[in-house]
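Working notes for the structure below.
Order of writing sets the chain letters: A, B and C. Residues in each chain are counted from 1.
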Amino acid sequence: MVTFYLKRIYTSFAQHILDVPPRLLALLCFLLCLLFPITKPKSYALFIMALANLMAIFSASWDLLVGRTGQMSLGHALFFGIGAYSTALLYRFYKLPIVATIPIGIFITVLVAVLVGFPSMRVKGPYLALVSMAFPLIGTGLVFYFRQYTGGEEGVWGLPKLFPALGRYDRRIAEYYFTLILLLISAIIVYKIANSKTGVVFVSILDDELASKACGINVTKYKLMAFAISALFAGLAGAVYAHMLGIANYETLSLSLSFLPVILTILGGIGTIYGPIVGSYIYHITDRFVLTEMNIPDVWHLLFFIVLVVIFILKWPRGIARFVTDKLEDLSEEREIEERGPHIWKKYKRKKESTHEG
Amino acid sequence: MFEELLVLGAITGAMYALLALGFTLIFGVAEVVNMAYGAIFLLGTYMFSFFSSLWKVEELGMVTIPPLYVILAVILAAIIVGIAGSVVYRFFIDPVVEDLIALLVVTIGVAIIIQQLIAINFGHFHYTVSLYVPGSVTLLGVRVTITRLLAAVTSIVLFAFVWIFITKSKIGGAMRATAQDREVAMLMGINTRRLSMLTMAISSSLAAIAGILTVASSTQITTPYIWTTPLVLSFAIVILGGLGSIKGSLIAAFIIGYAEVIFMTFMPGQVSYLRGAFALVVMVLVLVFRPRGLFGKRIELEE
Amino acid sequence: MHLLEVENLTKRFGGLTAVNNVSFHIDEGEIVGLIGPNGAGKTTLFHLITGFLKADSGTMKFKGENILGLAPHKIVNKGIARTFQVVRPFRHLPAIANVLVALKSPRGSRKIEWIKTPERKALDLLEDVGLSEMMMEPAEILAHGDLKRLEIARALATEPDLLLLDEPFAGLNPIETDLLTKSLRTIHLDGHTMVIVEHKLRALMKIAKRVLVLHYGEKIAEGSPEEISKNKKVIEVYMGKVS
């Protein structure tokens, strides 16, 4: 009896993950990530990887909104920052514990997203991009103006840590695993949404909003939905970040933070959900370890990545992760062609052509 | 009080007008939202500072630059930035003009590249850009430094110059035609790509000069990281004025200039942080309630 | 009661009057053709009926209900579906997903036959238009003729009472034209009322029972295909005045 169910689980697992090359790859990567702390890395390295996990969540949320639904967001830091400030201020003024401040903080973020979303719905394309850029700037202005509540430039200090009972190194390990699990759960949820029928509607909005309306879709409703879901995960990342660092300041609303998911997602592959995750890892590992080891001063790091981003977007608009999965698909398709013959070749060729045009 | 607001608003408006003009041009003619516009603005100020520091003269313990060299520095900075803008258009913008997300990302990328290059060459922190003309003048009972007056007057003169160029010259006519209907312009034999490159050059030069005048006449110090402020400000003005309308940009520039001055005077507390936010709120309101702005064309069909 | 009743509909774009005081009605079960030279305002009329453009004046009633000023997606959910002159597929989605989008609309997801899953319904619709083989192909690689049929399947997914087709025969070769004519006849027999804009008059006259003619935004003629083909004004408009 037990063996029957085990077999069922295994078959399902094999069907859904092992047989799908990209997912198998993802599983292997995840296992590697789980094993990472065994190599006894430095405390700082663990910190950076935990940060990478949070930024991956942040960027995946951006990708859902921009890459999947086509709503440009150049001010995503707004949600991150509100997540951070909400949890911080809830602690500062009401002394609530983390288990309360983080969820409430996320809720507030989603609320703000819906509020900000309403005017954003009315604008498209570059106007939407600039409106989205405006909000965190307005937010930063407000943070400084109401400095008696928000702490101005200094921000809100002394936030409770995530694992206060542990010693410093152990805490870093715990934070690493915590953020990793959060990343896994967030990635799975976002992935499932992106591939559900709702996700299909999102893509229809990305592709042709007008045609989507012609299919009877209330596009505004779905856009708000995408906004809210995206804000939820961005706020989550922001709130956890605040408690990992112990402070929440105006940098959580900063423009460079708004551009970070753009960089990470382009590097990894826009429109996929794993793209931003891959991008986050590539970025953080390269930035903090590779480039620093090579003794390149910090200011050159950003230049390096931006140049990469510009090259990527000009040459491979679909990003590296897509490139890899495309190659994997090509391999299986080429095998199929050999087996099924020339009439598949036409279909394959047309696909190649349109991908190059698109 | 009233006279102060009047004069201050006028000066602010004049400089905003020049700033917005460059943005309107490239948006109207090439349909490009140039996210790097603010960075180009900043690049102009750094270029100017670089050139003027080549020709500084120490006299009686004071560092000054002969006025002729100041003008030369401005012109050189404008030309170099203009050429740079043209190159950026040709190699970065033109390939992705069709794809909006790619265009936005590329232009932001260029902005950050400029930001980092400036930071590498000139340092992260405050950098002094000096364009100081001693003395002041009293207008309507308000004391105005000659520097600021000169900056405002230069802005207006330059604005008028460009306006005349656009309305009277042949190339200006081509620009207007392309702005109105790109396809028809192409059919009529206008090389829209080359025209866009030229427009980008002009736009960038204007941004550079606007940058020099603004920074040098008010705060005099700058960092490589504040390029978003002129960008969103330009955008707010252009949106309010109506896309593709030069007249609109002029009027909107003064409206926002005055509104900002009034707002900052009457709001309690440390208002300087809210300054940028103000223009942004205006922009959001305009986009939501009257997207075509004051003088823009009506945005019709959903497509 | 007429299914669709349009009275004195007018739409201006600045100085140009694209649709000028047009009135007509469509009854249930009809196939009505809408013809006229380029720029006559046919597509504009479609945009007006489906809510993509707002009329300056006039009235539009669908099943007795006023639909003027309603948002496009609301009009679809009332029962009017359309295709576009230039196809607008969802390029990144496979064919079946294109149809699934329409099935996610309130009207499309109504449980009329609640044994079927949306995927099954989508597949059935693709079969109806002859695209079931292509169901997993991303729309961006489909041929033009397939895309036209996909768009029809998508429109049918919302179970419309009135189907507006904008140049469905454009770009089709004779074989495809024949197939489409057959499909349209079947769709009609299924109970859908249709208004078809077409330039390929021969194909249109084969299936339309009544024809409206627009010229410079005005309705200049109305009648059966035979009447229209003999109408002097219509011939003038298409051939140019013989001076």
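By definition in this document, a residue touches a chain if its C-beta (ideal position, glycine included) is under 8 Å from a C-beta of that chain, and two chains touch if they have at least 3 such contacts.
Small disclaimer: the values here were computed from a predicted structure and weren't measured.
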### Task
Identify the chain whose mean C-alpha position lies nearest to the mean of all protein C-alpha atoms shown.
A
### Result of counting contacting C-beta pairs for A-B and A-C, higher pair
A-B
### Query
Cα centroid separation between chain B and chain C, in whole Å?
48
### Query
How big is the gap, in whole Å, between where the Cα atoms of chain A centre and where those of chain C centre?
41
#### Entry: Separation of mean Cα positions, chain B and chain A [Å, integer]
34
### Query
Going by the touch rule set out above, which residues of chain A reach two or more other chains?
210, 213
### Task
Pull out every residue in chain C that's touching 2 or more other chains.
52, 72
### Summary
Flagged in chain B as touching 2+ other chains are 302-303
### Query
Considering the complex alone, what residue numbers of chain B touch chain A?
33, 35, 92, 95-96, 99-102, 104-106, 108-110, 112-113, 116-117, 119-120, 124, 228, 232, 235, 239, 269-271, 273-277, 280-281, 283-284, 287-288, 291, 302-303
### Interfacial residue positions of chain A with respect to chain C in the complex
197-198, 200-201, 203-204, 206-208, 210-219, 271, 347, 350-351, 354, 358
### Task
Sort out for me which residues of chain C touch chain A in the complex.
50, 52, 71-73, 76-77, 81-82, 84, 88-93, 97-98, 100-102, 104-108, 118, 137-138, 140-141, 154-155, 157-158
### Summary
So, in the complex, the side of chain A touching chain B is made of residues 66, 70, 72, 74, 119, 122-123, 125-127, 129-131, 133-135, 137-138, 140-142, 144-145, 147, 209-210, 213, 255, 259, 262, 266, 270, 299-300, 302-303, 306-307, 309-310, 313-314, 317
